[in-house]
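These are the structures, in structure tokens.
Both complexes below contain chain A, partnered by chain B and then by chain C.
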Partner chain A sequence: MTKKLTRRDFLKIATGATVASGLAPVARRIALEPFVQPPEEALPGQATWFASTCRQCPAGCGIVVRTINGRAKKLEGNPLHPLNRGKLCARGQSGLQVLYNPDRLKNAVRQSGGRGSRQFEPLYWPQALDLLEEKITTLASPERLAFLGGLMPDHLYQIASRLLESLGASPPVIFDLHSALEGRAAASRLSELFFGEPQLPVYDLARADVVLSFGANLFETWMSPVAQNVAFGDMRSSASGRGLFVQFEPRLSTTAASADEWVPVRPGAEGLVALAIGRIIIEERLGHVGSHRDHAVMYQDVDVREMSAASQVPVETLRRLAVAFANADHAVSIPGGYLAGQRNGLASMLAVQALNLVVAQVGRVGGVFLSDPGPTASLQNKPAVHNFEEVLGLIERMQAGEVDLLFVYGANPVFELPAASGFAEAITRVPYVISFSPFVDETAVRSDLILPDHVYLESWGYQVPSPGADRPVVSSQQPVVRPLYDTRSTADVLLGLAARLEGPSQALPWADEAAYLEETVSELNGSSLGAYNARTPSGFWALWRQYGGWWSEKEIRREPELTDIRSKPLPVSEPRFDGDPQSYPFILYPYPSVALSDGRGANQPWLQETPDPMSTVQWGAWVEVNPETAQALGLNDNDVVRVESQHGVLEAPVVVYPGIRPDVVAIPVGQGHLDYGRFAQAASGSNPLALLAPLTDADTGGLAWGATRVRLAPAGRKQVLARLESLDGEGRESLD
Partner chain B sequence: MEKDANRSTETHPRWVMVVDLDRCTGCQACVVACHAENNLQIVEEQESAYGRWAHWIIVQRYWEGEYPNVKARFMPVMCQQCGEAPCEPVCPVFATYHNQEGLNAQIYNRCIGTRFCASACPYKVRVYNWFDPVFPEPLSEQLNPDVTVRTRGIIEKCTFCIQRILRTEIEAKTEGRKPVDGEIQPACVQTCPPGALVFGDLNDPDSQASQLARSHRSFRLLPELGTDPGVIYLKGGETNV
Partner chain C sequence: MNRWITILILLIVAAALAGILITRMQVWAAPPQPIAFSHLTHVQAGVQCLFCHSSPLRADIASLPSVQKCMGCHAMVATDKPEVQVLAGYWERKEPIPWNRVNYQPEFVYFSHRAHLASGLNCEICHGDVGSMTVAQPVVKMDMGWCLDCHLKQPPEKTARLSDCLTCHK
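Moving on, here comes the complex of A and B:
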């Protein structure tokens, strides 16, 4: 109820106020000065939320961070961000344990006892920069400097590559195991062949009626798992029904558990399945595409029976799925990371992508489309990750003594590359190695100097997510807390270095990375698409940080322009494996862990404690064996088995796993750290990279991480895994 | 929905969680979100192997059939916040009790660690602190100031993030209103990427949770025990071609 203020009331109040103020004691207003000055924005007990970007994997989801009294307390998804829409995965949730990890480096260090000694001597930053400058200016030629990067924010890539270019050195080599396991480089190559550009496409799960996923672990680590999880939820409760989701892969993954049907294909034969399905659609004129004549050439070399025999998928299954796929209004087929990890990777991926073409789902709702970069295109001049062949090239240069100075950022090649690729040996031939890792990982231990970067919750940056969303989007990253230690942003280190050198100082004239970012992102201001605009660049810079990025208000999708791919027959390529099937009867499937991904999550206790969804194991690593195989070898749960390839050997306990082919054994990647902090080192388990053959797919140069054969032998002892699942039926608290 | 006049009135909500098994992908985001929100202790590998893990929510995985016709199904299980909770009457010190909003609340500083409640719980969702929690510095900075850190000898379990419920209720009250449906989100619900978890008031017939609870797919765990769980599961489906 509102009361109208009458003239009389007003006079009463006015008189009262005069009297009250007149009677007040004459006192000056003096602010209390506490001994400890809290930051101005901090109110005791009051939470402040800051938007930033998650950097636990390459997806680039938006986060908001709850901070109280200057400390970060909880990470949540940014509800406005078009990619993850307020959601976050297990790894994203765990970001606080990167920030508050007890094993972080607190300052720049030099290994005083030589490389590998683990004796660290603190170094002042000015001294560190002097050292850097000296190392660069005394190089015999700029070509003797190499930069190996992994997960790098876009702006840092640009600063680093500008620096290297101005020095006359070759650009950074970008490679990390996570990206290799999801087949990022191969997916880029596939896009080039299909759509004439390297941009990764978006598969519209949410609105698809039929999804055929070929080795894509959509809900674990592949590409943009949060966005794909959100889309899956939408698909399952769509108005047109819950959809059909079929997963083709040799092991029933967490993703396959959510599928309506799992088809255990022979490893590496997924492409043959796709070829057969395509051929059936063409031959039997299935679906509602008027004529299949345009696509007939693609399948001229395909024989359905041969494909069926080679992939060990019955013809009836192929036909049944072909009919469902072709008859659906919205259908999509997805070439996943497991395909890229084979020596026929590109051929398989081509066959899978071609299915989208055959049923005319390219550029359609519920099919496959490209996200429109809009004005973000100018920010996105970072190449996709490099392939393994380029890393092998670098290793060769290192071995030949052609590299005198090596920078390593955001990657841990000693842990992440197949041991047989020889990186650990090659790094000893490099006279000086500098790591920018905030943690003492296996590669940092082999460096002379560690110049720790801030961790992502203390850092600046931006990232154009790739694959993108249904609209142009850039995620912005800003410090949500003051840096805990005397670490320094690598971008600032490189800018500081550039300022001391003649050529680079002109190429990189910015005082610090924030200045660089402010200038770069102001290009987005004024775009008619943006969800917000500002009158001034500084106003835009403020909104950019407030919202955690920039994105279009409207959905904008792009129909890819097809190349002449359909005028040629699709390649039919059988998988090939390292090792002879008689001595090495099993095919090894090293898969990324949902929690640890490629091992970078292993130093976070929350992620170590996270049970693997399928085996329910916490902390350790294990070998998954089909029950039939286990019985033949006399193995049971928790029996330690010796796994041997032509390149290495490891021992791990067995998990008898009903969802794996009898000729395949699977080991999660991520454990087996010898450095990287107390939690990573405390966990049991070995690194399956020790077993891998350093092979590539000749078409993409990508690491063929699924192409190694192994043999198994019981080691004759037991090791009890920390499983949630009770194996004896007695429930919890049953000690044996 | 019939209402029990003794427990629920128009003025008090009954908080429930709906778990749509058709959407759950087993991704474990809820598990880590819960650890982060509720200051769960770190349980190392050996202790975990003894079954002393501290998760308040676990995603159970069930195998069905045999290779090659094998399926795996996920079921997230947390405290079922029973209306007739078997854990409550056995506590000798009234550390676990029923609050007006239908929650099995736990008063940590009353708990003397008899673990009777854990024995009585048919869902096995209560966890016991076998040791004092250790957060090597500066890991203690991650602790949520809204939640007590529990010491050795104390039982704990999912609270439906009571601190988040209260925070939202208080904020709403200062604005002179009631929390709107969907405004209160426990940490697991907030983060669940496929949207499998829905939280809300069962006494509000229009809330999303109570609408879903009336779905033909809904069921509760071990209904034959008569515990009246506050967690409602929606059966997963299957598309066959």
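Moving on, here comes the complex of A and C:
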């Protein structure tokens, strides 16, 4: 349709354009809003730095936050903090986008159209507390109340535990996917078996000469990645040389890419490799430890050739690594999260930890130490992650209609648990669900009431980091800005609730969480270890916040005491998988995304924008397939593939990746959100948890997240992934 | 046809000129403010610049007074004036006053009041005789030419640093 432009129209348009271009600069007005009441310590326009604790993952790094005019502007690592020593990872840096996230709930809400309706009706806090009180007092029995927690500050865990105890309910169940992927519960069980206490080990990377890492993604998400990165830097720049770092993992992760050698072991057979290395050291009397007689019993059932065949690692490689490991002055072997994600998890981890025994590296420089449990008795009471079996127990109770009221804090079980575990269905059987999430995530959508907590930059708290540093540490957390919205600290909500109830008001007499914290923290004042002391409790409280925590002035490493683990043969356990190898030929490796971790970072655009270090994909999820496999299936980069297990199906584009075994396919965890805000929902991708079999390692009860077999089929279409590096092969870098 | 093209070109030129003119006009136009605050009245009452704009000796910015500071006097002084009552309204609602910026530096410029005051400049040198204005208005177009005009007139040992790009565009 063409229309001839008349002279009159032409003049109209031209005049309009003239006026509009003239008006443009006038429309630019910048508002300056001074404080109503200025904070006393703030000089306008001058930065104030507050020390606090990062809560983007369970590591507990110290941060300092630059604030100007009451607004947080930049996060950095706290240079005084013994754990991260001034460094901070990308996820930590991105914390500002949790604070300023446009999808945060701005007040307490009730779903007016029923659960899942996404129709939120604002609720006044006093009303919300009335509702809470009513729900608790009308419970038929306190046992019908359940609390499911994830990552939470230590003080909130203590307050919640006390509240539940005084009500007569069972203690909180703590589970989140991040902890499951790093095998936290299994690592704790391993420590109990080896050292007789549940504290997590601290591996002294910095002073080690040879490091064998079995499925531990030390520099991505596992345990304390910033501290481990710093230590790795020290190891590489040590006076005695660069050292040797070997990574055993079916996939070339970012950590494996930093290693000197990557050994693509058959999935689940890492423990067998460790057994073989141990056996070789004993048999051939390698190293400088002297007699190996004490350790012989452990390896009596091990045959090196069988282990080599089962793990598909040649005997020569095993021998070479055994010699290097045993001959090193300081060697350490690390059982990682991927091991814990198998059905023979504990057996593998035992085998790996035993290597440290064989070369006498327990409690020695460059070897294994134990985390400090916390400097005082009350600080030692910290949330211990439960295993998957206990979560299945809760799901069973929910399904059987034995739970009338469910609290969810800091976890997103609908997204984070394998779909086949049935949580999404079980939650519908619970008459009333209350979420404390600051965001409307998949679980919050299925609740009746959302009582949003402050985000961590607005909150109080503390954390005894586990694994710890080279000395006793407590990280303190304080609000660096005034809460932006009408949210309320969950600890205060629980204390407010307790005050209305007869029993709990005795157990929780504190007016608010700050009072509770001040009391708990003041026990540290006067300690002979501390880097500082004060004459008054309030003086100590001020220093506690200024330093960003409390720690010992000197290095104090805890040497573990061995149990009688040496007197028994180590179990030899072959991996077992869900699905038969004929119809499901590939083993699925759902690995934690270095940016999004278990998906909790998916609502932060900086993290979505961060390219995956290996595939350089941004804003999406993909399936990594070995070139051989891809060729056999007729797959190319960006071809959408259908991944099917016995429990679910998903479709995602392929990344042809030479750094993966041909019998393994890998999918990063973290994408595929159906709720959790605009950025999480905008990214393409599916959640691999949909495929997982809800299996456990029988020894630990931990989720065997790496034990599912899948099959692949081309979906017959393409979906081009956004990648920082092109694959066009025309002068630019590509992966092949 | 040629006539149309000529007209088009003329109109584009006119639009550009009008745009430039209106942009320049903004320099002399006082932006509307939520409260018709008079600098003149306050200066006549003997209030110094630094009493309200308290930061420039210590910080990069001059700062605007907090509502609390305004109310420090106006809880008692001139409470019958309608504009003071508007101010009291903000205070009661605990709302910040959304002032419109009068003097403007773009985001890619690092400007520090402290450095300028430390080298002996007065407020009036850049901001004009604000004390005789009712509503504050800009007196100079604070662009790079204007900055350099002064920076290049400094003693020779300073001009190299003062005309370095990275001094202001960090």
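Criterion: the second predicted complex is superposed on the first by the 682 of 736 C-alpha atoms of A that agree within 3 Å, B and C clash if a C-alpha of one lies under 4 Å from a C-alpha of the other, contacts with A are read in each partner's own complex, and residues count from 1 in each chain.
Quick note on the criterion: a contact is a pair of C-beta atoms (placed from the backbone, for glycine too) under 8 Å apart; a residue touches a chain by one contact, two chains touch by 3 or more.
Treat the numbers as computed from the prediction; the structure is a model and nothing was measured.
Enquirer: A:N356 contacts which: chain B (first), chain C (second), both, neither?
Expert: neither
Enquirer: Quick one: name whichever of chain B and chain C touches more residues of chain A.
Expert: B
Enquirer: Pick one for A:G45: touches chain B only (first), chain C only (second), both, or neither.
Expert: both
Enquirer: Going by the contact rule set out at the top, does A:L321 touch chain B (first), chain C (second), both, or neither?
Expert: Once the two structures are laid over each other on A, A:L321 reaches chain B alone.
Enquirer: If you stack the two complexes on chain A, which partner ends up touching A:A31: first (chain B), second (chain C), both, or neither?
Expert: In the superposition, A:A31 contacts chain C only.
Enquirer: So which positions on chain A get touched by both chain B and chain C?
Expert: 45
Enquirer: Quick check: in the complex, which residue numbers of chain A touch chain C?
Expert: Touching chain C: residues 10, 14, 17-18, 21-26, 29-38, 43-46 of chain A.
Enquirer: Along chain C, where are the residues that touch chain A in the complex?
Expert: 4, 8, 11, 14-16, 18-19, 21-23, 26, 31, 54-55, 58-61, 63-69, 90-91, 94-101, 104
Enquirer: Residues of chain B touching chain A in their complex?
Expert: Within the complex, chain B contacts chain A at residues 20, 22-29, 31-33, 35-37, 42-46, 48-55, 58-61, 63, 65-68, 70-74, 124, 136-145, 187, 190-196, 237-241.
Enquirer: Under the touch definition given earlier, write down the residues of chain A that touch chain B in their complex.
Expert: Residue list for chain A touching chain B: 45, 68, 71-77, 84, 86-94, 96-97, 99-102, 219-220, 225-226, 229-230, 232-234, 236-237, 241-245, 252, 254-258, 260, 262, 264, 320-321, 323-324, 484, 594-595, 605-611, 613-614, 616, 618-620, 626-628, 658-662, 678, 682-684, 720-726, 731-735.
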